[in-house]
């Protein structure tokens, strides 16, 4: 029997404070809703905690990150308020092997932009689009048990051109009522860590209550969990040719 | 001044014989229409000939292939009638460095399946879909000068899951009126050769008359043209360690 | 608790019949040695059977393949004797989700060439090279617990240019005493299946007895095991726009 | 006739001030040597200027970058002295379409780390290794006319694990006397720009005087030159569904 995957669900927790529409859709906050969905889907295979912007060090201390196998990140209005020192720390954790799942408007989070190296800009429209999410990677573990297409009745539109490095694996592509398309499920490996960007999840819509979305997030947590002990890649001065046989 | 790119436009030329709708849309045949579009777009940078299924050796003799930098391929109803020996020859030419542009229903051509190794199956509907073709690779040479999106008023729908290896570069993604999506512009390198799959171009619709489509085909011809002398990768028995310094 | 992974280890079993050197190094045959290594490394997580060229249908009947999650393939002298119908069947199984691990000279097996679409040619020298196998994908599950570098005291040399499609993930690169390099651990996804090519394992050397090599093969079996029910990608005629909401 | 490619060769120009060995090997500085090599190889197809750390704004003003199609970057001892505002500017230029060629110890430059998102760490030894550079991408334009292998009699060793995102295209792999390997020629697309990392070129060795190295740098300049007008990917609020047909 393997140890449960330790997940930290991070939320910006700003819309929840002052936005009646969000409070109505997510009375328990977005991060608690995401956490509950993971617990429901993964059961004993997972231990889930939450953390949020307003906590000391945004709830992401060295201790918490050291105890986290997979971090999910949702942010939107307050990307600029995230302390650079915490971003450094999260980046080091990812490169050392911690998984990261960047959700929806986290495309513009400091941590995601850092790991991508690009602008991460995109087109958008927040009206009444229906989103259809199609699997383009047959048999991929993150697509396991996901309907084809997955229908989200109402969502914000994100459209190409999404300025990201070409994904190591592209899993989902969405279309919207307006005819736009978007690379909605993108896998990256950075350092020892795995990164998954997942598009749906605007604060105004009940997306994270939808069981198929919870299924994808659960799959992504399993996929992003590290398979090796955590270690930051480092410089080694190999002075002696044949150093590897010195013992 | 560089030599012009030598292009051979290959057509199945079957619908053109017995299908009144196709004869109306493509009175000069599909392959002659494609060839004329390339000449219009690329001018003196290109020398274009055509070849078709009903010719001896389907018009693709050793001599023709040796004189071809980029081959475009359109087929649909008669994939099974293409001689395996000719397919072998085309595959060798591609792996040696000749570019190949597989058009629309050529996803099921013997040569494309050979080079991909997968089923190349997909979903489809031939009714009255509008296709929107979106660029997802910023600054890619095949997308140069292409509107975003490119609108095709009527086309056959191809939908995911398209069973292909993940493209080395994904350039275009389409959406359709029904909400389906498709990876419509896919780049591969195989051996010394470059392969581009381009989705639009059903026989029932005037797609190849559309200037933006001709623009993409012209870009693709430039992209697929070989940059090195043609050579089939081969086995070498390197008996002597240090063989590379023997001279 | 999950079901054990069902592995079939396929061997050409030809050197073992008439080659005294191979008989000395692999008195139990190569395939039984590989199978024993997997059992030793993976224990109850795996059920391993063997099959070989000289059996009816080469031991790879529909029933056996339907009961196989991961197939390993070693062949060298008798690639041409493998029945095309069996190759078809194995290819269908891979595209439906069965994992395939192609070992050493299996780069020239019919099944590997089919799945790659290229010549799969390379340079070689079978003398007294030492191979150093280096991990280039930090934290990849197939590299878990593998020394960096892994030293193989004597092996056949395979050198670039290895004519394969660019791997979806490159895990290992080897160097040899003569200074040559080789992409020794290459991951591909084809259809629903996963394919891993692993270079070491010439019949003249005791490579498959080496615990670190067994570690890699065990890791590769876990990596290649399917995560979804097996299904061959197929064509669907989606006549009705909105078919996905018909229910 | 096309316009010449405008190249800016940037040098740190620090070793050249106080290091007798470097002064002996590169009496004209490293950047002037690289620039001369490009002029020799590319002739009228190129216009080359140089810039260096000690100039105002490191010689990389808005005007210079706007007038640069491809920037080459060599740095080693003074990465930390490069002004962050200049790094921002260079990054914006790359994402807008300017090509970047990062040379040798520039793996640790601020601009390269920014674009990669990883630590970019590696193993090293600066003694008397011979480097063999092997082509692994058949027919790639950057490998055109390059011997296989290319022999560099003396160079610093860089060894895996090189902590970079998996290259979009891997062109060269090196081996060293000590048996180490390295991914020496790595292509990336970031935003509209193209990035090429090229390993050889330590300050203590006459690598940039070697004609085969100049050949590769010339090839890389052609490859990295933009094919579209420069434009930074940006956010667009597409309020109106069907905005693309509004005209």
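Chains here go by letter, A, B, C and D, matching the order in which they are written, and residues are numbered from 1 within each.
We adopt the following convention: a residue touches a chain if its C-beta (ideal position, glycine included) is under 8 Å from a C-beta of that chain, and two chains touch if they have at least 3 such contacts.
All values reported here derive from a predicted model rather than from experimental measurement.
Trainee: What rotation angle takes the CA atoms of chain B onto those of chain D? Round to the nearest 5 degrees.
Mentor: 180
Trainee: Tell me which chain's centre, taken as the mean of its C-alpha atoms, is farthest from chain C.
Mentor: Max centre-to-centre separation from chain C belongs to D.
Trainee: What whole-Å value do you get for the distance between chain B and chain C if each is reduced to the mean of its CA atoms?
Mentor: Their C-alpha centroids are separated by 32 Å.
Trainee: Just the number, please: Cα centre separation of chain C and chain D in whole Å.
Mentor: Spacing between the chain centres: roughly 37 Å.
Trainee: Could you list the positions in chain A whose residues touch two or more of the other chains?
Mentor: If we look for residues of chain A contacting two or more partner chains, we find 132, 137-138, 148-149, 159, 161, 163, 166, 168-169, 179-180, 189, 191, 233, 244.
Trainee: Based on the touch definition given at the start, go ahead and assign the chain network to line, ring, star, complete or other.
Mentor: Complete.
Trainee: Looking at the complex, which residues from chain B come into contact with chain D?
Mentor: 1, 97, 132, 137-141, 143-145, 147-149, 151, 168-169, 189, 191-194, 226-228, 233, 244-245
Trainee: Going by the contact rule set out above, which residues of chain A touch chain D in the complex?
Mentor: Against chain D, chain A makes touches at 91, 95, 114-119, 121-125, 127, 129, 157, 159, 161, 163, 165-166, 168, 177-180, 188-191, 232-244.
Trainee: If we count contacts the way the header does, which residues on chain A are in touch with chain B in the complex?
Mentor: Touch list, chain A to chain B: 130, 132, 134-138, 148-149, 159-163, 166, 169-170, 173-175, 179-181, 183.
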